[in-house]
Amino acid sequence: MFNKLSILGTAVLIGLGTLASADSLAAERSELTLVAEQRTAWDRNFNPYLTANKRATTFQFIYEPLVVFNALKGNQAHYRLATAHEFSDDLKTIRFTIRDGVKWSDGEQFSAKDVLYSFEQIKKDPVLDTQALADRIESVSIEGENVVAIKLKNVDTTIANKIVRVPIVPQHIWSQIDSPTTFKNETPVGTGPFTEIDSFTAQLYVQCANPHYYDAENLDIDCLKMPQIATNDQLLAAAIKGELDWTSSFIPDIDRVLISANPSYNYWYPAAGSASFLVNFKSPNPGNREAFNDINFRRAFSMTVDRQAVVDIAGYGYWSTNQYASGLGEQFASWNNPQVDAEFGQYNRYDLEGAKQLLSDAGYKDTDGDGFLNTPSGAEISFKVIVPNGWSDFVSTAQIGVEGLQELGVDASVSTPEFVTLTENMKSADFDAAFTNYFGGATPYRYFQTGFHSSMADKDRFGAHHYADPELDSLIDSFTKTADSAEQVKIMQDIQYRIGANQTTIPTMSTVYLYQFNDKRFSGWFSEANPQAVPVVWPDQPERLLHVLALKPR
Amino acid sequence: MNFLKLLLGNRKASIGLVIVLFFVVLSVAAPLFSDYSPTKRVSRPHQSPSAEHIMGTTRMGRDVFAQLAYGGRTSLAVGFGAGALVIVLAIGFGITAGYFGGVVDEVLSSMMNIMLVIPQLPLLMVLAAFIGEASPLVIAIIIGCTSWAWSARVIRAQTMAIREKEFVSAAQVLGEPAWRIILVEILPNLISIIGAAFIGAVIYSIMLEATLEFLGLGDPTAVTWGIMLYNMSNTSAILIGAWWEVIAPCIAIAMVGAGLALMNFAVDEIANPALRSHTGLKRWKLKQAQRKKILEAGKQSLAKQQQVPL
Amino acid sequence: MGFILRRLFFYLAAFMVAVVINFMLPRLMPGDPVTAMLGGRGAMMTYDQIEALRQTFGFVDGPLIQQFFSYVSSVFQGDLGTSVQSFPETVSTILGRAFGWTLFLTGAGTLLAFIVGSLLGILAAWNRGGWFDSIVSPLSLILQATPQLVFGLLFMFVFGVTLQWLPSGYAFSPELTPEFSWLFISDVAAHAILPVFTVFIVQLGGFLIPMRNNMINLLNEDYITMGKAKGLSQLRVMLNYGARNAVLPSVTSLSMALGMVIGGAMVVEVIFNYPGLGTVLYNAILARDYQLIQGQLLVMTLFMLFFNFMADILYLFLDPRLKHGGSA
Amino acid sequence: MQTAIIEANNIVKDFEISRQGLQRKSMRALNDVSFKLHKGRALAIVGESGSGKSTVAKIVAKMHKANAGQVLFNQRDINEFKGRKAELEYRSNVQMVFQDPFGSLNPVHTIFHHVARPLLLHNKFSKHELRDKVEFILEQVGLNPASETAQKYPHQLSGGQRQRVNIARNLAVGAQVMLADEPTSMLDVSIRLGILNLMEEMKSEQDLAMMYITHDIATARYLAEDIGVMYVGHMLEWGDTDEVIHHPQHPYTQLLVSAVPNPEQSIHGGTLAEERGEIPLWTPHSRGCPFAGRCKHVSEQCRQQLPPVVALSERHFVRCFLHS
């Protein structure tokens, strides 16, 4: 999310003396400078279980995952600590074959017992269960020498993605820790590529290669360097000076501000999830409810959204317009059902006149003379589009959308409640309209499931249109019950049709993964020409391990 | 009121008045000065100043001058509104404490003193954060409700001094009810001090509003000078080189503050003739009160400091 | 000493009010504080997990009054809780780290304002009505009426970004390790120039104007006239007779100003990304780290009270009437 | 002689002077003071500053409340005038002229306001009668031309004119009792006589009962039929003015009278100051005669007990052991 509020503040003129010494060090060993999190000060904390304040280089770089699923390549599995995984025939057990010959960074032998131990950990204390898996796993056991079998409570073919995000920790260390929830793990022991904390201050730390890394031959970088950067503006200033190699932050007008100032910099913004306006079918205000339940109104709403302006202005041209009637988005283009666009695409393109025509044909006119349209029954339409406070790019987007609605003659405005309040209101159907983002992923399943399954309406903001379609629900459910890809595509296309025909959502744009890189010191960067995997440096992107292994010092 | 006459008679005050009036007129009659809506895209993003957009455009392609003019409405309204709320509360607390004295005074004075020692900006930030999406109205109300203590203390002290005057006793002996003594006999005598406190409160409120909104604690869809700064910093206007977006609201805030300060400078001189120049006539009186005055001036400047550092 | 005791009692009362405000604020808010704290992270957590975190962060269930007493007792034991954003770091650790920078920044700015403001005030009073007075005095009032925000942004824009004369962020270069060396100290000084100057310029009028007014009042005293009549040099009369007496009230206001500025200079810290209390509070607010916000407000109140108390004591020395139980 | 309109019996008044924690320190401003006011007569109360003479007036004006003793108005305890209506009734009968002509008029209001308010409050005039009535009263107190004066603000008048406004205010109320607290002390000597004449006029023409508080024996003799001499909160000698001034019996009165060879000389200045001994601070715990410390005739008894009141004649009383 790059809608983080940024403050003014640029980084620093570095003392000339230190700059020189830093350069000479960098010459001796290859240091990759990255910004994987933005904070005001570093705390020495490498506890993988802490959601809030562990250093962002903990996952993947210290704790090697079992498998990395490459979302960009349809969830292709890159095996790491595991060498294979498979579902049982009834889809209720998933088995991981554990790699031989891996050592912990302290030289101890790594084995399936450590994996077992790690899964037992998450059952001990809910705080350790960062992936919320404990309730979904029946049991974990070792079969034979090196196979870990995880028995599930319910069939869920998408669960592997979560399972591989459980940190695999050394039993011989963690069994000694009394309170894993407050342990700071200052000198971590892991199986990942960078386990040695070389230096650590509140403003900078360097994390160097694991002497016992099993995949050392593919690792060409000596150390990771993490300068403390708090704001996007500081990051930009440091980037202009060429101090950073790998970042995933928001930079306004990047061509003008960064690339023109430092040509060795480059960027690639692959498509991520989508974002849409949605209306609340159960709006507490009768007039709004009448309008929102009228497909003509929803279509007219969709036709007033100037998607190109959203992309250009709110998104700095980084986003792309989302004109898929189901809101599918650019990321899932390969799953697209072209029939949906053929039939309903016209309602998802900017067409103010068409929208006006649609509404007047449907009987909307200004009956009370307040300058705004009323419903066919004469009720008043007046609503606020809510967006979380501080998500400034979304606020701009909502403002552009509202501008269109006002052109149409609809009394709409933007409101920016606190995130918590917004989520609460959306879950409890106590709102009129909203602008929200959606999950991306390797398949559109998570997008449809969280956004359109009626059981999710009161669970989070994504499904808060509160429109229930039992057939749609069963279509979505059926996706996890099959492992047959042709059937999966068929299901997805049916889902798209149902949503598109109903105009349940008002698709607006596809967001992007942010990724900038400095070509000067390293080569092998993923890019549009070399689209290996999602190249984001943030810790919730396991593919970054693949990326770091692909980089070569120049 | 002759208060206005006094203002106009002082050169600094007249300059201040003209500056403030300029911004008041600019914002009240904004549609006369700008053809653009402050909330509509009217051009491409970040256009530098030109004949068409004399102060350039924002990231959202909105006209900066239109935002400045329309934003002045809200910013000034918040400033004057919060200032008025401050003064009403300060008068309420100050006169009540000063006139009735005794236990009433002790309770109210403790309230004032406690309000004075709780750091205000952090408190406001926390309040605004907890309330969330603080609209200009909400900001005006929370500023008003947390900033009255200093003025109340000054008004209280002055009330106590006036209460000792014989015309108050005369009114009491005449049988005038307490509310009438307070409103008709005492209040008009406080006008200059209330005027000064009001101007101070307006300056302070405008500064506070801009600060809170800049920090992202306001309603980002509002059009105010503080929100302009917020949007400016949000879109990294400084780094992009869109200096017009930084300068315009900064100058407006600084100018209005300066105008009001000049007005207050005059009010200070009016209230304390010793600061202008004086010959013989009242010197003996001055001298008697001198030691006391200096210590009190110190005390007041302490209280004034409270208002200032933003 | 009755006066001191009475003041101490008052400060205790004020502190308790701050404690109550602190206690009530998150509990008056809609929604549960733990959910609110986690909300922004978008994590989908189970009920058990949230319950467990609630325990970890020290939110106890039970009647409000019981919660209140457990909160008060932990406050008086110096336990301000644990930061959510920087878990498991304690609030006290985080504030401790930031406090020194804030004290340095505001202390330097305020002291400078005190010295320069007092000197200019003396000169203005001496030339009352002259060109110096009629420029400097209104100007300082105008500066005082301009928010730190505006100065901060303008300085940053002009000197930090456009001219690139001075660093405009951090307290020192990230590449340096804090140590007692010329390199480090000069680096810290260079980074402090813009924020300190912002604090200074806004505070200036607060010292200049009272100093000028005090001086003008004093210059009418007979002993000044006498000093002049005795043929003492202007400078001597000005400094020895006038300034020495006029500066006394300013000394006490200096102490109070320090207390206030600790809370007031936070915007400067935010603009220049200075790692002091203001930045900590700002980030805590953005992250809705309620424990940290509360602790911060409490600590700022404490400093305000402390410096007020210092001012009281100074007063006691300056105004002997107070020693004999006059009203405060 | 007719019955008194105001009768004060043994009034005591304490003021708190400081408080430290639970300890309170008080001073006794009035101790066992009695007097009467009659219609058409004036009682002068003389004494140095701090003698409590103003406190006497303030108690009668219900600005302070006595700690003991009682004040009767037409035989009714003034504390019984409670509640808005009763209080207004009392106030419409008992009014006060203040000492400071600068402070007793509100600088922000016109003279018209000052005279009109009592008319509205106590006599319920209609608006159009009001103007005539105000001007009539202003003419009565010699403020001509009245219509012009009414428009003026206090700072546009001289001290003597302001004091006339104060008197006009009393007139407007139509009170039967006028309490005049050193009405001329802050005026230039040259205009005092005019004010005194005006008061004399009102006393006889309006049949007012008057209390004239002063430190100036000469004017007391000029205006008042009765006189009371106060010292440190005690009434030491009182009675017929001529009798008391010509035949002073209390050593303090003798000192006062002897110090005023020249009728224009006030007690404040001149010779008396040199003879002043320590003026005691009287507290509820003080004992004896307050003048004991300065009295030539002091005896041990004087230091132990407060002397009783001795009636020298029907119209002359003194509080001194020399006469018991």
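So that you can tell them apart, the chains are marked A, B, C and D in the order they are listed, and the count of residues begins at 1 in each.
Everything that follows uses one rule, which is that a residue touches a chain if its C-beta (ideal position, glycine included) is under 8 Å from a C-beta of that chain, and two chains touch if they have at least 3 such contacts.
None of the values given here were measured: they were computed from a predicted structure.
Hop across touching chains from chain A and tell me the fewest hops that reach chain C.
So the least number of steps between the two chains is 1.
Specify the chain pair with the maximum number of C-beta contact pairs.
Most contacting pair of chains: B-C.
Could you tell me the distance, in whole angstrom, between the mean C-alpha positions of chain C and chain D?
Centre-to-centre distance between chain C and chain D: 56 Å.
Distance-wise, how many Å sit between the C-alpha centres of chain A and chain B, to the nearest whole number?
Comparing mean C-alpha positions, chain B is 46 Å from chain A.
In angstrom, rounded to a whole number, how far apart do the mean CA points of chain B and chain D lie?
Whole-Å distance between the two chain centres: 48.
Calculate how many whole Å lie between the centre of chain B and the centre of chain C, each centre taken as the average of the chain's C-alpha atoms.
21
Do you know which chain C residues sit against two or more other chains?
Residues 153, 156, 161, 270, 282, 286, 288.
Could you list which residues of chain D touch at least two other chains?
Residues of chain D touching two or more partner chains: there are none.
Of all the residues in chain A, which ones touch at least 2 other chains?
If we look for residues of chain A contacting two or more partner chains, we find 5, 7-8, 10, 237, 390, 418, 421.
For the complex, give me every residue of chain C touching chain A.
Interface residues on the chain C side: 30-31, 35-36, 39-41, 43-46, 48-49, 51-53, 56, 83-89, 97, 153, 156, 160-161, 164, 166-170, 173-178, 183, 187, 190-191, 270-273, 275, 279-280, 282-283, 286, 288.
Would you pull the chain D residues touching chain B in the complex into a rising list?
61-63, 84, 87-88, 91-92, 94-96, 98-100, 103-109, 117-118, 121-122, 166, 169, 173
Touching residues of chain C toward chain B in the complex: what are they?
Per the touch definition, chain C meets chain B at residues 10-11, 13-14, 17-18, 21, 25-26, 28-29, 128-129, 137-138, 141-142, 144-150, 153-154, 156-157, 161-162, 199, 202-203, 205-206, 209-210, 213-214, 216-218, 220-222, 245-246, 248-250, 252-253, 256-257, 259-267, 270, 281-282, 285-286, 288, 293, 296-297, 300-301, 303-305, 308, 311, 318-319.
Quick one: in the complex, what on chain B touches chain A?
39-41, 45-46, 59-61, 132-133, 216, 219-221, 231, 233-236, 238-240
Residue numbers of chain B touching chain C in their complex, please.
Going through chain B, the ones touching chain C are 12, 110, 113-114, 117-123, 125-127, 129-130, 203, 207, 210-211, 214-217, 229, 238-239, 243, 246-247, 250, 253-254, 257-258, 260-262, 264-265, 272, 274-278, 283, 286-287, 290, 293-295, 297-302, 304-306, 308-310.
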